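Shared between the two complexes below is chain A, which pairs with chain B and chain C, respectively.
Our next item is the complex of A and B:
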C-alpha cells in the first residue's frame, strides 16, 4: 500500500509516496538516501536514530511513516545549515565527543532539540536531554563538555 | 510493519466511521512506541486494519474542571510532564510520566497508549490509580466512563474491544497543598523498566489530621489498584511513626495476598514495606 505524504525535511518541502506503516528511519535511509540517521536497537532504547520533529527529539525507529505527514523534520543532514547545529558539530569535533561515531548523529539531534528550547541549559539539563542516547565509547564526559562549549558559544553569539 | 490496510483519518468522526464500517480486526495506532516494537517481533498485525489516530485534534489538550482534570487521549507524556495544570493539581502524574522511557519516547508516546498497552510496569498507572482515574471511551457512538481498574484486567489485557476508542483520561484535581510522592526503583537512572514504584497522595487538615490518603505500588500488581483498608489506617489520624510503618507493612503484605507467594516475594515484600515507610515518613512526619 502506498500513500502520498507531504512534509518539511531539513528546510525543504517534500511530497513522496510511502508505505504508511513503514518505519520513519527506513523512509529516511532507504527511500530518501539520508543515511546519517543510524539504527542501533530498533526499539527506542539507544537513541541512535533520534531526529527532531516539530522541535522535539523523537526516535525515528518508532515513528510510522504516515506520522511524518504535515510535520517539520530535521535530521543530522540538515544540521550544518542551522546556527545551533553547526556550532554543535564544530564543538563535537573540537572537544573529542566523537569516537566510533555511531551515536553521534543521535547525540547531536538531542542536543540540538535541547538548545532550540533552552539556550542556557545546566549540565544537569544536558544530562537529562541525552539520557535517551547511549554511547559505549566516550563515557559521555566529552559529549557533555562539547554541548556545554556549544551552549557557551551560541550564547556569546546571540 | 505488515498490515491489511492503513488509514489516517482527519477527525474523530472519520475515525468513528471507519471503526463502524471496517470488517475484521482493527488496531488503533497512537504514538505507536509499543506497536512498532511488537510489529518487529512477528506479523501479528498482518490481518489488521491500522487506524492512525495520532494528532487527531479532538484528542489533544489538558482541561482543568471544577473537581477533575481531563487529559485528551492524544496527549504525550512530555506534554503532561510540562503542563502547568498537571504540575499544580496532579503533580504525582507529572512525576510518573517523567520516568517513562526516554525523552524521545515521552515526546511521542501518549498516556492513553500507555493505558491500552496495559504493561504492569507502566509508570503512569500507579499515579493514575491514586488519582482515581477514569477512562473516557467512545463505544458504539456513545461516550462511556470507565474506572481504570475496570479497563486494565490483567497484564497486557484490557476490557476494551478493538472498536473502542479511548478519547480521554480523567483524574482527580488535588488541592494545591496536597502532599504527593512518586518513587521509582529501577536498575539504572534513565530508560529503566520499573522494578517497583510507590505512589501516594495525602492531605492534612488544619489540625494536622490526614483527611485524604491514597497509596499504591506499581509494577507489582496485575492491574492498577488501590486499597481502602490501608488508607483507613491513616485517615482521620495525625501521622506518627507507628501508624506510617503500619501502613507501609500493610502495603507490602498486599504482594503475597494478591499475587501469591513467588520467588520474588522474598525481595519485593520487604523492599516495598521499607521504601513505603521511608517515603511516607519523609513527607508526612512533622519536622
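Our next item is the complex of A and C:
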C-alpha cells in the first residue's frame, strides 16, 4: 500500500507516494533519480549510502521510506549549494581525497554533518566522524587532510 | 629532463564528477524498459547438475526470460589465459560462486523472487578445499589437469644443495596465508544495451579489462568483435578484481539482451560479490634460508603451494611472480623457488594488487628476521648486509646495470622517517621483561617489483593509443587502459600533454570505449602508467612527424630540428604556436591528418629459469611498521607505517602518495584483520559482508607516511614505472615482523591474519596468563 510522505530534500520540498517499507536509498536512487548516493553493502556497514537527515549522518540503506516523512534531508547532489559542502568538495579534489570515488559521496556527507555542528573539529574528531565510511583506495590520510583543510577554510570565512 | 606537466600535482580530471555525485558507476545506468537480472548460485561447491527446471520461474510475474548454459550459442567457457571458466555452469558446479541460471524481469524484486523458483537437482561430489589434499586426489576437478595441479614456476639458480650445505646458519619455516577479498566498495554491475539494427551489444559497467571482456562475449555469443562495444563506467575500485567476474556477468547479461532485445541490467549484492568473485591466492610456503655466520645469504629454497580454487584464472602467472619476486631484493648465490598452483573447490583466485608477492614477502621477511636473530644482529643490519646494489645480479639472475637500484636508499629513508633504530633498541630492551603485557615492535620489509607482466607474458605486453589533434588545437586521447580509481586517466592526460608539447588544458580524454580506442593490453600488473606512457610517447612522435611535414610545406623552412614544447613549435628560425602548426595540417593546400595510433610492446625478455631478464625493469620499495600488541586482548594497533617507493618518476605526486597510503592500508587489513571464514567441509565462506569481513576503517589506519624516492627510469618514456602493486607488496611483511618483534620471537606468528585470536594465543604460549 502506497503512502504519501512530505519532506525537504536538498532545500526543496517534496510530496511523493512511496511504498513505506521501501529503503530510503532506493527511493532516492530509483524514484527521485538521485543516484549520487551509492550502495556498497546494504547492511549499514560501509557508509557509501550516507545521507544527512536533520543534521545527522545516516546510512540510507537502513532507513525506510516512511521514516523520511517530515525530515530535512541532504544528499551529495545538494552539497554544492551549501557553503560547507562546496568547500568540502573543493578540498576533496585539491588534496587527494578522491580516488575511485565510490565512497566519496558518503564520506562527504559524514564530513558535512560533522562541520554543521562543530566548525573546529580536531583530527581525531574528524577520524571519528568518518569511522563508518569504508574506503579501500586512499588509506584515509588524504581524506583526513582534505577535511582539515576544509575546516580551516570554513573557519577563515566564518 | 625539463618537464612542464608531469611531476606536478594536478587535480584529477574525474574528481569534480565524483564529488558532486554525477559520476556514473556500474549500478547507475537506467534505461526505459530495462530488465533486471538475478543469478541462481550453486548449492554445492562440487556437484553434477542433473537437471534445471526453469518453468515455474518463467511463469512468475514480470519475468522476461530465464537463461541457462544451454542458451549460450557459442563456446561454453571463457578465460583470459586459460579457457576454463563457465559464465553459466553447464554440467557441473565447481565452487559455490558458480551461477547455474539467470533470471531477467521487469523489476529487481521480481527477478529476485523468480530466481528462488528455479529448481536444480544435483548429484554432490566430494568437495576438495585443501590444496595439499587435492594434489593427486582421485577426485579430479578439471579433467585437463588429472593431478589437480594447474601449473607452476620453478626458478633455479646456482647449486642450492651446495649453498645450504655450506651455510653456517639455516632458518626454516612453514608460512600460511589466507584468502583475501579485494573489497572494492562498489560491487560489480553491468548494463547491456542491444542494438535494434544488428547483432550488437554495448556493455557498460565495472570492467577493468574491456578488450578481454570483448573476447569473452565474442567467444560465448558468436557476435563479431566490432559489434561488441565495451564502455566501462566509473569504476568504484578494482585492485585486479573486476576482470573475470564482471566478464562472466557481461556474457550473461549480453545473452539476455540479445535474446529479449531489451536492455539488461545486472548488479551483484555485496554477499553475491563476495561469494562469486575471485580472491587473493592463499599460499603455503616451506622455506629454508641459508647464510654464513655473519648473515650473508647463500641460498634460498622455497616450496610454495597456492590454492587456485575452481578455475585456473591467473594462477600460473601468479606463480611466476611468486617464484621470481618472492626471493626479494637480496643477493644470493643460489635459489630454488618452486611454486605450484592447485585446483580446489574454493573460490577461484586471480589478480589482486601484488599478484602473489605480498604473501611471498610475508614469508621471506619473517625468515630474514629469524636469520637476524640467529646471527645476533638487527633486522635492519641483516638487510643492509644483503640488499642489492647497482651492478648486482638479482636472485633470478638479472644483471641490474640499467637503472638505479635504489632499494638501499628506499630502506634508509623509511627507517629514518620512523626513527627505527632508536625504537628498535628501546623496544628490544623493554620486551626483555616477560611480565610486560603491552609490547611494541618495529618491522621492515623490502621488495623489488617487476614492472608489467614479465618474461612469462612475452609478446602479450602491448599497449596502444589513438590520439587525434583536432582543428581547434585539442589533443584528444583514446586509450583503453582503464581508470579504476588509481588516477590513470589524469596521468595519461599529463603524459600526453608532456609528450605532445602542449599544456594540460589542451588535452581531452575520451571515455574508454572499445569502438574508439585501439585494442590494448589490460590495465593490470601495474603497467598502466609504464606501458601506457610508452604508447603515448610513440603516438606523439608519430603525430609530430605529420605536423612537421605540414609546417615544412606551409612555412617553407627546414624542420630537422623541430621541437614541440610548452604550446610552441620551434624549427629553423621560426617559433610558432601549436595552434599555428595544427592550422598548417588542416590548411587546404596541405591536408594531412595529425592523428596516429601509438604502439608499444615490452621487448622480448629472455629468461631461462635462472639467468636473463625475468622482467624489463623494477620498482624498489620498503615499508616499515610500528605496532603495539596487547597480550591480554590479543589486539594489534598499528602505530605508524612508512612506505618509501622508487616509482621512477611520479607523474602526479599527490596521486602517487595516494597509491602509497592506500597500499599500506590494504596491507594492514591482510596482515591483521581480513578473513573470509572458509568452511573447509563445504567450501562456503562465512564472512560475506562487511559486518564480518573486516577491512580497516579510519580508526584503524594511523598517520602513515608516504615517501617518494624518485630515480627516473631510462627504460620508461616519462621515467615512471609501476607503483600500484608495490604500494601494497611489502606491508604485510613489515607489520608481521613488527608483531613478532613485539612478541619477542622472530617469525613466531606464521599464519595470516595475525588477528586477535592468533595474537592472543601467541601471547598465552609465550608469556602465559596475566598474573593476578
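Quick note on the criterion: the second predicted complex is superposed on the first by the 158 of 158 C-alpha atoms of A that agree within 3 Å, B and C clash if a C-alpha of one lies under 4 Å from a C-alpha of the other, contacts with A are read in each partner's own complex, and residues count from 1 in each chain.
Rule of thumb we're sticking to: contacts are C-beta pairs under 8 Å (C-beta built on N, C-alpha and C of every residue); 3 or more make two chains touch, one makes a residue touch a chain.
Small disclaimer: the values here were computed from a predicted structure and weren't measured.
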item	value
Simultaneous placement of chain C and chain B on chain A, clash or fit	fit
Partner chain(s) touched by A:57 [first = chain B, second = chain C, both, neither]	first
Partner chain(s) touched by A:43 [first = chain B, second = chain C, both, neither]	both
Partner chain in contact with A:69 - chain B first, chain C second, else both or neither	first
Touched partner set for A:153, first chain B, second chain C, both or neither	neither
Broader residue contact with chain A after superposition on the shared chain, chain B or chain C	C
Contacts of A:131 with chain B and chain C, given as first, second, both or neither	both
Where chain B and chain C come nearest after superposition, their Cα distance in Å	5
Common interface residues of chain A - those touching chain B in one complex and chain C in the other	42-43, 45, 128, 131-133
Contacting residues of chain A [partner chain B, same complex]	1, 3, 20-23, 42-45, 47, 50, 56-59, 61-64, 66-67, 69, 110, 128-129, 131-133
Complex contact set, residues of chain A against chain C	30, 33-43, 45-46, 48, 75-77, 79-80, 88-89, 92-96, 98-105, 108, 127-128, 130-144
Residue ranges of chain C touching chain A (in the complex, touch as defined)	11-12, 14-25, 27-28, 30, 182-187, 234-239, 269-270, 484-487, 654-655, 657-658, 660-666, 689-691, 695, 697-699, 701, 703-704, 706
Chain B to chain A touching residues, read off their complex	1-3, 5-6, 8, 29, 31-33, 36-37, 39-40, 50, 52, 54-55, 78, 101-105, 107-108, 189-191
